Structures are given as C-alpha cells and as structure tokens.
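Chain IDs A, B, C and D follow the sequence of writing; residue 1 opens each chain.
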C-alpha cells in the first residue's frame, strides 16, 4: 500500500474553551475519497480548519505527504498541494472570477500554461467563462460554489479538503456540486469531504468517519455504514 | 385560552437576495417550551436574532405578551423580559463569574447612571446573584474570571446571566453544541429547573435527545420556511424532516422539489 | 522647576482621566485636547472679559464643552472603531483651526490676563475626580461599562441603553477636559492656539494607553511617567526626543495591555469561599 | 490668475493624493492606521536635499526616496504593527507608529537641524517655464504633476494587473482565504508598507522640489489632511484617495484664490466629518454590507 497522503493521530483542536475536536485519528491514501459526517456542532469544520493549519493543534500529530504538518503556516500547506475549500467557500468577492482562478493557479507550479488551464476550466464550467471578468461577489451562491470547486480543476491539488459544499445551495445546485466532486474522484484526486448531507456524502466516498461531539464514533466502508440502521441513531438521538 | 407569550406573525428577513427567514408564523404558549430544529442554514438563529432585536425585521410582526415589539430597540426588548444565550458563548470574559451575573441586574441596566450612587457590593444585589449561581451550581467559582471557565460552566454562566435579567421568555441557541453526553444530561436538568421561573422557553437544538426531553412542541425549519409542527415525536419522525436532515438521495429527487 | 513639573503632571492626570472616562464606555476620543482648548478660552472669556470669578469661568467651560460634546458626540457615536477615531481627530483639527481664526479671542496671537489657578486647585481637582472614579469603580455602573466594552450588543440585550451611556460619558469627559483647560489658562496667564494642537490630544491618549485602560490608576500612571520621562532623559541631552520615542515604542511593544493591565473587580465576596476551586 | 491657481491646486492635490493612497493601501490591507506615514513623507523632502547636496541631478532623488522610504516602512511594520494584530490592537499600533514618527523627526533634525533646509539646485529650475495662452507654466510644476500622475497610473496598473497587486487585494479582502490560496500574508503586508511608504516619500520629495526647501515639521499637518482625504474618498479605496486628493487640492487653491484663506483648512475637516457621519465608508468605499452587528 503506498504511503498515505494524510495521517492524523489523536488530534485535539478548538476555539478557546470550546474543544470541538477531542482526539481524532484518521488516514487517507492517494486517490481515495473519504467523508467525515456528523451532526452540526460535532466538530467537522474545526477538524478541517485544524488540518489546513488555520487553527493550532493543541495535541496530536498530522502528517501531509509523509511530512509533519503541525505548526507550518497555512500558506505553506497550500503550496505543498493541500487545497481547502472552507465553509462559505472562501471566494474573494471583490476580485474578478478570472483573478480568483489565477491565484488558485499560481499556488504551485502547474503542468499547463494558465490560458490553456483556464480554457479547460471554462469548458467544464461555461457559466464561469461567461462571467470571467465579473467580480466573484456578483455570482449566485451556486456559481460561487462552482468557482470554489474550479480551483481544484485549474491546478489539481494533491489533497482536496471540502467543507459542507451543499450549505445554502438549492437542491439542483447540490446535485451539480456532487456531480463535480464525483468527476474529481474518478480523475484520481484524493478528497476529504465534510458534509452534513449524509446520504450524498456516503454515495460519493468509499470510506467514511462519523464524528460526534468532537470524537470519531464510527468508521468504515460507505456501503456498510449505509446499510447499518443505527447510523441514523447518531443523528436523530 | 390565555394569550400566547410570544407571537411571530409572517416574519421575513432578507440578506441581499437570500431570504433567511421566509414568512415564519409561530407562537409560544403560556409556560411552554418550544423546540426549533432544522439543518444548518435553515434560519433558526436568524429567527432568534429577530425576536431578540439583534436583526431588523424586513416583513411581518412580532408580539410579546400582546405588545408589538417589531424592530423595537435592542435594549427596550431586553427590558421587556426577553433574554437569550448565544451559539458561541458571549460571556464577559474579563469580569468575574459573580460580576457577569450582577451586570444583568434589571434595577441597574434600566437606570445605568443612577447606579453610580449605589454600592457595587450592595447586600441585596450580591445575595440575589449568589442565589442564581448556587441554582446553576457555579457558587464555588464566584470570584473566578469568566474567561477561565471550562466549557460546561461557561454555558451555565450564560444561562445564569440571562436569568439574572428576570426574563419571562428565555431563548436558547444550541446550548449543547460541543457538549458530551454527561454535560448534555446536566444541561437538560438545568433547563427543567429554570422552567418555573419562566413563562416560556425557545430551544434551538440539534441534539434530538434534548429536544425530546425538553420541548413540549417542536417546529422544523428548512430554507427559512416552517416545514413541520407538532409534538417532538411527530416532527422527528416526519419523513420530510428526516430527508432535510439526512439529505436527498441522488436518484430519488425525481419528484418536483417544493423548495425549488 | 519642580512646581512647574508638578503642575503639568496634575493637568495631564486630569486630561488622562477625561479620556479614560470616555474610554470606559468603549469610545476613544482624540478630541480631548480640543475640549481643553474650549475650556481654556471659555473660562478666560468669562473671567477676563466678563470679570466673573474663576469658579464661574470653570463652570462655564465645563458646560460649554459638554454641550459641544453632545452636539458632536451624538452623530459621531454612529460611527465605530477607526472611523470614530478619525471623526474625533477631525473635531480636534476643526477646533484648532477655529480658535486660530476668531479675532475676539486673539486669533493666532492668543489671549492673556487669566490668573488664579494654584497647585491646590489642580490637586484638589485631581483628588475630587479620583474619589469619584474610585466610587465609580466600586459601583454597579463599572460592571455595566465593562460589559459594554467587552460586548456592546450583549450589554444592549441585557437592557443597557448603550448609545445613551456612551453619549453621557463623552460629555462628562469633555467637561472634565474643559475644566482642566480652564485651570490651565488661569495658570499660564497667556494662551495661544499652538498650546492646543491636535498633537496634545494624541499625547493624552498615549498616557491612557501606556498606563493601562482597564484600571482607573492606569491613566494617571501613564501621565506621570510620560510627563517626567523627558525630564529624566534631560542628561541624554539632545538625543532626548529619540530616546523618548524609542522608550514609548518599546513599552507599547512589551506591555501591550499597558502598565496596569488588571481590572479592579467591582465586587468581591466578603466571606472567603470554603471550596478550594474558587481561589 | 485663476488658471495658475488651478495648476497650483492640482500640484498640491497630487501630493495629497500620493499620501492618501499610501494610507488607503495600509488601511485597506491591514485595517489599521499608521501615524509614522507623515514622517516618511517629510523624510522624502530631505532625500531631495541630500541628493542635491551630493551634486547629483535631482531626479535621482526619486529612486533614492523610494528605497529609503520603503525600508523605513518595513521597520514601522515590524516595530508597530507585526505584534498588534488583535482586534483592539489598532489603537496601540497607531500610537506605536506615532512614537516611531517622533524618532524619525528627531534623527532628521540631528543631521539637518530644526529649521527648513534649502535644496541647492539652480534657481533657474523655478523660473524656467513657458507662457501658453497667457498662463505662466513653470516647468517644475508640470514635471511634478507629470511625475505624480505617472506614478498614480503606474500604481493603478500594478494593483489591477500584477501578481503583487492581486495578492494585496486578496489579503485586503480576507487574510484567511488568501492563506488557503497559498498567499504569504506577512510578505504581502510588508510589500504594502513598502509601496505606501515609497509613495509618501515621493510626495514629500515633490513638496520640497516645489517649495525649494525641506521642512522637518511639515509631516503632521499634511498627513492629517491626507487622512481626512482618505476617509472622504473611501477607507482603503485607492481610486477614492486619488480623486479625493486632487479635488481637495483644487478646492483649497480656489479657496485661496477667493481669499477665504484660513477657512480652506476647516473645509477639509468639515467635509470629512460630514462624509463619515453620512456614509462611514466614504464616497467610493464599499459599504461593507454588515448586517446590524449580530
């Protein structure tokens, strides 16, 4: 088995008194798509923010591409190939669509020249092409989500962290977002997906962890988790 | 039938194009605990912010004990007897636990400048506050800085401070977020203790055990609309609610989705 | 020399407290130098031109500044943070330019003839204001103000009319600065616009920040140190200003909270608690 | 002559604009105010004095001013701003930069004394000029206007087209989102201070060139006015600062022309207070659509 892309051991992180992540351990191998599911307030978003070093690790160890990641500034991890699409998508509203993509492209050396990569993205997301010189803030919620996901297309990352892609989207756009994520998965991209929408997450990911009150209470193959009835118990109590 | 404590009548709240609260109508009856559930971004917290005066209402009306409080100034709503807690705990961290509770004393918040003349450690004020701290099991930490409190105690301090404002309606915004089983069980006990002091409670929660044990009636919200209403059992077993919570199965979205 | 130093320190303590009073409610004012100027001139007009006693001059000064504080304060309080800072700087600049251009008060050349302030007046005022602030620190009002400073919205939700409180304190602060201004003009015998440049307001805020904003003793401490520091560096001779600047920058760097970082709690439990966890 | 006054107004406005743009950049990216900006502006003038004293053609002072001011800007960023990134840190940072400003004034006065110092460049520079349509146009004024406008256009291009400009606008919007996109926020902050300080020094140099002397006490007055201009134009909005600066320069020239004299001073402040009260984010600033703060 090749070396895992991401290894997390007994991670503790949180905001001041609120210890949202209390000892999580997980791993992700190259090309794998893994989901982290759980009710709101379970610590999913905090986990991702800790993995991309937006939050300090109070305890535990994280290794990205085999090298220790704890303590490195967030932009170092980004330059080593970790792309974190945060809750609320993290698009730069006052910059043009094209500029948002240019910044995502410049993160690390790319195999393709920018214009070529841009045309490839606009082929997949024609609407972004039509609006490329508009400010990202003027896009609709769904379009901003597409712009956020397009960042993983213009210069594919080694690991994609996606935080609640379905948040605030209409059902139609949720379907579209998951279709894009499925294309990324099928193209061999390693993805760690945090999602409250359990069914969609488990249908996309091969494996999943269930988080409850900052701790991993269940993990396993998506099929097995889907089948087990008590999965719902963790949600509806 | 006595007059409801709180009436929310077709209230609307918009942020730019997004309609966060879409003409919600609900009421809290005398001595009732109303639960509000719904997935992330459903507009639950926005609704509480509207009732407590943190947000301005864009449409509809809010009545508290028969009196119209729509878009009333924040401090006027507070003085009428609506108190609340916050999802991300907003206690006064550089003040002691006792000071946090005494700061909410309605005698002084109503006439701040006059309180200059009173002694800060007036026996009556201190005893009143200490009684509340004992009630919430925080008496031992009275002189400790609120900033240093462990998570569960910080939540209880926020409730003690809300009660110190002598409210008749208490709004709780996901009080159990980030709490483990034991802390949640104790929180449920604390809420039951508070009930006799209050005419109504509104509880926003994701922890369904809490909803079942505290809420007399439950409302489910999604995309700013009321999706279901009834007893805890009815609402939590409603297929529509389960789908909103667990998300839509890819293939079975054939039926035209009402939320469009 | 010592007398002069003591006098200036006394004025600076009163001015520092005038900024502290406003800062108590979470509003920072860079206009207190201007309020001092208003006080100095108004008191001067009342005593010299109208021939009334010093007390009347000081009272008029305080009332005038409070009125201007009310007029400028209410709209200004609608702004927040950096904007509020800028509006008060703007106010200071307008007053500074104004007093330079009003012939009645001598314009750029200034105005003279005021006298009557003694060291007793100054330190009498310091004592009175100090007692009042001590009473405030141990009153419920201190808790309300700390709450407003820490989370204005939550304080509002608990029933505190925050804007009213901020406006009231803005006027009290302005009045105190003007009172000190009145004393100042009757000590200096002669005043001119360049005594009250915007830079005065900046320095007064520096006293408060340096001394520590969380405690009534912070501002006087800051005022005393920053008034005496230049004298201390006199032996450094011509490098006084540089050393003074470096000292301030270093102090701010290492004592971010200011020299008096801790709050005086407004209430302590008399009987000590049995349970160990409380201590 | 009205036309001549208008030229003077534009020249003065150009200098206001350059300082105001510097404030806008720092405020836009850092959400903080720097009080050392005024002294870096003053230092610009003395770079002109030094260059002339070395006998070099005075245009060499521009690159010198940019480098020296840029380094001063980095020092201010490190000493006064690096450590104070807490929300209520902006007051302490502003005062710390004020203290650094005091040191700058004192050091300059140690070398050149407290009185204004003349630039020893041939007087002919001031008299040379042309009279077109009956208006007396001194070369020096046209040169200053030209240089300043060129810098402003160049800056606008850099902000809008270059990578540094894109990164500055990204960090100005959100440091977190920028970090996740691989932008080194600390590096961009330093670049911003360098550029802002360089602009201020060039403005100071222009003032010294126009007047023929450098003055160590010119900083505070000019800077406070530029601060007002930035607020009027829109906090953190470079375009606003440019237009605001030129407009105020012309208005003051007109006020002087119709000998309103001193009241032109109050004009700027009155306008600022009015604009801030009506529209806190200034004329061009984006009204940060913050809901009633929850």
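Quick notes
Here is the rule we go by: a contact is a pair of C-beta atoms (placed from the backbone, for glycine too) under 8 Å apart; a residue touches a chain by one contact, two chains touch by 3 or more.
Computed from a prediction, not measured in an experiment: that's the story for all the values here.
Between C-D and A-D, more contacting C-beta pairs join the chains of C-D. Set against the Cα centre of subunit C, the chain with the most distant centre is A. For the pair subunit C and subunit D, the distance between C-alpha centroids works out to 30 Å. In whole angstrom, the spacing between the mean C-alpha positions of subunit A and subunit C is 52. Centre to centre, using the average C-alpha position, subunit A and subunit D are separated by 42 Å. Note: centroid distance subunit B to subunit C, computed from Cα atoms, is 41 Å.
The residues of subunit C that reach two or more other chains are 153, listed in rising order.
Of all residues in subunit B, those touching 2 or more other chains are 54, listed in ascending order.
Those residues of subunit D in touch with two or more other chains are numbered 294. For subunit D in complex with subunit A, the residues that touch the partner chain are 163, 166-167, 169-170, 172-174, 176-185, 286.
The touching residues of subunit C, when paired with subunit B in their complex, are 135-144, 146-147, 150-151, 153-162, 164-165, 168, 214, 263, 265-270, 273, 275, 277-279.
By the touch criterion given at the top, residues 17-18, 39-41, 88-89, 149-151, 154, 174, 176-181, 206-212, 236, 242, 245-250, 253, 257, 259-260 of subunit B touch subunit A in their complex. For subunit B in complex with subunit C, the touching residues are 52-54, 73-75, 77-79, 83-84, 86, 90, 92-96, 98-99, 102-106, 108-110, 112-113, 115-122, 125-126, 130, 139-144, 161, 165. Across the complex, subunit C is touched by residues 27, 31-33, 35, 79-80, 83-84, 86, 89-92, 94-96, 98-103, 105-107, 109-110, 220, 224, 227-228, 231, 235, 262-263, 265-266, 269-270, 272-273, 276-277, 280, 293-294 of subunit D.
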